[in-house]
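Letters A, B, C, D and E mark the chains in the order given here, with residues in each chain numbered from 1 onward.
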Amino acid sequence: MSVPPIVAFTNVVKRYGDGPVVLDGVCFDAAPGDFISLIGPSGCGKSTILRLIAGLSPVTSGSLTIDGRTPEAAAAELAFVFQEPTLLPWLNVGHNVEVAQQLRGVPAPARAAARRRALELVRLTGRESAFPRQLSGGQKMRVSLARALTLEPKILLLDEPFGALDEMTREHLNEELLDIRQQQAWTTFFVTHSVAEAVFLSNRIFVMSANPGRIHREVQVDFPYPRTEATRRSRPYHDLVSEVSRLLRSVEST
Amino acid sequence: MSVPPIVAFTNVVKRYGDGPVVLDGVCFDAAPGDFISLIGPSGCGKSTILRLIAGLSPVTSGSLTIDGRTPEAAAAELAFVFQEPTLLPWLNVGHNVEVAQQLRGVPAPARAAARRRALELVRLTGRESAFPRQLSGGQKMRVSLARALTLEPKILLLDEPFGALDEMTREHLNEELLDIRQQQAWTTFFVTHSVAEAVFLSNRIFVMSANPGRIHREVQVDFPYPRTEATRRSRPYHDLVSEVSRLLRSVEST
Amino acid sequence: MSRRLLNFLLPLGTGVLMVGIWYAIRHGLSEDMKFLLPTPDEIWAALAANSESLSRATLNTTKGAVLGFGFAVVISFGLALILSLSNLIRASLYPYLMILQMMPIIVIAPILVLWVGAGLNSVVIITFLICFFPLVVNTTQGLISTDRNLVELFRMYRANRWQETFLLRVPAALPYFFTGLRIAAVLAPIGALVGDYTAGSSAGDGGGLGFQAIIYSSQAKYPALFATAAVTCVLGFVFAGGVHILSWLSLSKWHDSYHRSDT
Amino acid sequence: MSRRLLNFLLPLGTGVLMVGIWYAIRHGLSEDMKFLLPTPDEIWAALAANSESLSRATLNTTKGAVLGFGFAVVISFGLALILSLSNLIRASLYPYLMILQMMPIIVIAPILVLWVGAGLNSVVIITFLICFFPLVVNTTQGLISTDRNLVELFRMYRANRWQETFLLRVPAALPYFFTGLRIAAVLAPIGALVGDYTAGSSAGDGGGLGFQAIIYSSQAKYPALFATAAVTCVLGFVFAGGVHILSWLSLSKWHDSYHRSDT
Amino acid sequence: EPFKLTVQLDWVAEPEHGGFYQAQAKGYFAEENLDVTIIPGGPNAFVLPKVATGQADIGQADSTNTLLQQAEGLPLVQFAAVFQDDPSGLLVNADSAVRDFSDLDGKTLIARPEWAFLPFLKKKYGISFNVVPQNFSVAAFLGNKEAIQQGYYIAEPYHIVAAGGKEPRFLSTWDAGFRAYAVLVTSRKFAAAHPEQLRAFLRAYIRGWRDYIEGDPTAAHAAMKAANANNTDAFMLASRQLLIDGRLVTGRDADGGVHQIARLSAERYATQIRQMEDLEMLPKGKVTVDRAMTTEFLPVQ
């Protein structure tokens, strides 16, 4: 490989405490700019992979480097949308969106502009002063997403960010995501349960199997970016969706 | 109507505190055995409708009766899977599943049998002794679902129970749900963002619009129960899915 | 509306009930025991009769209570921040904080008097010693009880210690902190009183409420003694009222303790 | 391994440091002040020399502390359950609980002594009065801070009051309850001590540690006085240790305060 | 059948209670057909309220404090002396410059704030000083050469010396003309109901004192040691000696002697009441000598 990998898993094994093996021998390299989707049955270790990359949990054995460094050393350039909306209950929506930038030391005026842009993107303009407890489930998730989008991270980790959203908002955000990515060139790890979404967004799909969690198969998606409504309607797209679905089914029924 | 409605909304308006109008003039009758799906944009008031039925929140104006009574008086025969997994952090999975029955006064031996059945259904057998903080997002949601399934409610409220699940688990649970429903004849209110799922499961679909939340259109789904894999592959099914999707899109773009 | 009315009536009702019970107990006491429990009006009269010396004493005690409470809040907050850093630090320091709290005043008082002199200094230190422990324990527990998901959010964004502490742990600990504050607010005036009668001084303006209480007690001036206690309670109510308002301002918008059910 | 070692070494280290500071302070004291701060070995010697009267006194104080603490736990728990029912009940009863806590011991003591007699009864009541408030405040706050989503779950399943309380609110309140317990455990022995020297009785078996402390203090027996304080602290440590273990048993499996980060 | 009677002491059993314990140990009370229970006191014995409410029949207190409480309406009567002069006084370091009460001007005194002697001193000598509460501790005295502290003539000096301090100088109340008694009190009710028993009690009590100071104190000392494990023989002997040398029981005046044991003088009460009225500690006319005290239970001379 010519470009050095930005994320490199080598034989990573993960157990929580003295529990069972959750990830077993996970190996892959992610090149800068990759959009990698993780799909697989519930509990197979998708969130765990993202947590390892974010340095929230140590690998049990094997090695994991981010940009050649340990996850702990590297993560200043990372944004993560957790599977559950993780909002500070004492801050209103506006402040919750700003908090990631605040932690990065961005001054307040600059934060305000990014906040407005992000809230507009997730269609929550006008709800700045609501508190988390006053939001619907999907709204909370969108605030959580907006918070990550205020950063310009090198690596973006998205753990089912659209699971609680209706199809149209979902498609809107899919397209926005690809748009921003064109400009900011993140490396993205994306957990989803929608095969269609995975195929539409990513250039690589990891189909995972469970017990213990392994990368069962990698699928390359070669449609050129930018992808559009036309891509969605194309024959090869549909074929690939069906193929990946089949793969997934085969994994799950073993 | 010959059968008296089990749930009757008449001109229901809902505001939280002195906030904006969340539901505006919602009117419908649900007959016993109805499987009603609610679809609509994020924040349109789907969860709110379920909360009103469960008696967790009072209507602001209009009237709402369950079996002819107020929601508060009726709800002993109700089960609710919240949008977020709502588990007691100090109980392990097994006890969390049992807790709904415990509240209904079911004695411990009977509870154990129901617990085992429900856990098997959601494919979590063997995780009885794990605590919620040790579960993945989808696993938590499944525990939450299992808890509701231990009851034999008259009314089942499901708020995106499958949002965090992979397609195969989702389909498995869809079919199980219809199976149990055949035996137990719930009236079901089901919130989902998957039009396909809504069409597959329900006999009625409410397409909602937002700001303020209204039932924009009701769609009847006349495929006979039991529905199977064959239903999913049939032409009329696909046509209806497309039609409802179009409806939803038209609602959202206004 | 009627609920708002109830909000006044019920507390008022229990108040009337308490006064009723008071009179009933007094009525039930044998004639030669009655002096032990003066009636509210006797206490009121004693308050009026001793208003001059009581108001001077109240001023002194208030000074001691405010300063002791203030130091307790500031120092216990700092200590809690340190204790929250790790289990190890807690295991290392906690026993000594316990000893500080468990040292009987009677052992400390003479040392204090020799060291910083009797009077305000000693009163402030004793008030501090009585107030600080509930604050430390509550605040520390609050700081270490922060939601793990939020902690991970902050870790993930590589928040520094300062940010994790002040943007996350401190606001998350507020419900615990205010619980400690509610306890300390009530302990502050009695702390100052105890300080006053173990290490106070009559210098200058004649001591605080503790001094007065000893004198009234030894002279069997029970109405005046109860008046002293009443003044102490009022002081405590003022402290607790302040804490109540602060707590409302900080928590009412978001904490579940202020939201039992939605409407 | 090395972490486990640190777990012993650091507390030991601070212990050694404290004793070092102790000796240093003593060394720094002028010759005629030295008596004020006996050395640990002098205290140890005094402990041995007075072992008989101290062990009798310790027994008495322990009785008072255990009973007072026990009543405080039980009664405050019941009170907290009542207070947690509604805002209105809190507004109606809280002020009187505060008064109970703010009544200076000096006012209460004579009434108590005349009413229930000097001795164990009075000591237990005073210990109770000193311990119960932090428990009530913490437990109440815990009960009303229960996660609203869980409360709705229970409401939805039409849990009765009993179930909502004991299956939901009480377990959810445990972190607060144990915080209160941690405070009360430390207050119990000093409560008994204070009770002893304000309303104890030397009749029968010669009073408790508070009595001894006063006598030693009045006789300038400082090593013995410090020995008394040391015994009090040990008693407090036993209480606190018990609470610590209970807290670990109840919370370690699920509460975030026991899980700083995962591995 | 012996008459049951309880005596509430003001402090733990020490030689200041020698009269009671000697009479008890030697069976003098029993000889008078009395069954006496002695309840030791302590830092907060609440003697006067207990006697006033009938929880004890007889109590030991000081006459000034009793007068103050009588003024508040406690139904008490003082009926015999324990000491002809209250042994509370001020201790100063042996080499302190304070030799006289007038030297106290501007100083800080460690004393019980309620002590009536303090305002008396201020008024009589036209001085002012600052008061810091005394908590039954002699630490401040030992730690500070300039300290001036309230103390009991027959106790604190001994403990100070025993703890390695120099024998302090004692400034006595009687030298200042403040002639308070240590007294026995009972309630009016008890006095009215049981005059004979009180007489019998005093006969035995006086015998006890006399025997304690003139005879062999071993019996009383053994009893006091049993009641208070902190008593040492050395302390009790020394304390008893101070009590004898100071003529506390028998009286310091010219007419002193064993015949004075327990006697009270109406004239001294009149003086005391007047002094306290002058200090505005007692409202004028609120307490009269014949309400405050009685000599009717003392043996006729």
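Operating definition for what follows: contacts are C-beta pairs under 8 Å (C-beta built on N, C-alpha and C of every residue); 3 or more make two chains touch, one makes a residue touch a chain.
Everything numeric here is computed off the predicted structure, so don't read it as measured data.
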Lowest number of touching-chain links that must be crossed from chain C to chain E: 1
Shared interface numbering between chain B and chain A [over half = same, under half = different]: same
Chain of greatest Cα-centre distance to chain B: E
Which two chains share the largest set of C-beta contact pairs: C-D
Farthest-lying chain, centroid of Cα atoms versus that of chain A: E
Centre-of-Cα separation between chain D and chain C, whole angstrom: 16
Approximate Å spacing (C-alpha centroids) for the pair chain A, chain B: 28
Centre-of-Cα separation between chain D and chain A, whole angstrom: 50
Centre-to-centre distance between chain E and chain A (centres being mean Cα positions), rounded to whole Å: 86
Residues of chain E engaged with two or more neighbouring chains: 49, 53, 135, 137, 139, 143
Residues of chain C touching at least two other chains: 33, 36, 106, 110-111, 114, 148, 155, 197, 214, 217, 255, 259
Multi-chain contact residues (two or more partners), chain B: 16, 56, 84, 133
Chain A partner contacts - residues on chain C that touch it in the complex: 149-150, 152-159, 163, 167-168, 171-172, 174, 253-255, 259
Interfacial residue positions of chain D with respect to chain C in the complex: 6-7, 10-11, 13-14, 18, 33, 36-37, 86-89, 91-93, 95-96, 98-99, 101-107, 110-111, 114, 133-134, 137-138, 141, 144-148, 151, 155, 175-176, 178-179, 182-183, 186-187, 189-190, 193-194, 197, 210, 213-214, 217, 225-226, 228-229, 232-233, 236-237, 240, 255-257, 259-261
In the complex, chain C residues that touch chain E: 30, 32-33, 35-36, 106, 109-111, 113-114, 118-119, 197-204, 207, 211, 214-215, 217-222
Residue numbers on chain E that touch chain C, as the complex places them: 48-49, 52-54, 65, 68-69, 72-75, 108, 110, 112-114, 130-133, 135, 137, 139-140, 143-144, 187, 189
Of all residues in chain A, those that touch chain C in their complex: 54-56, 75-76, 78, 80, 82, 84, 86, 88-90, 99-100, 102-104, 131-133
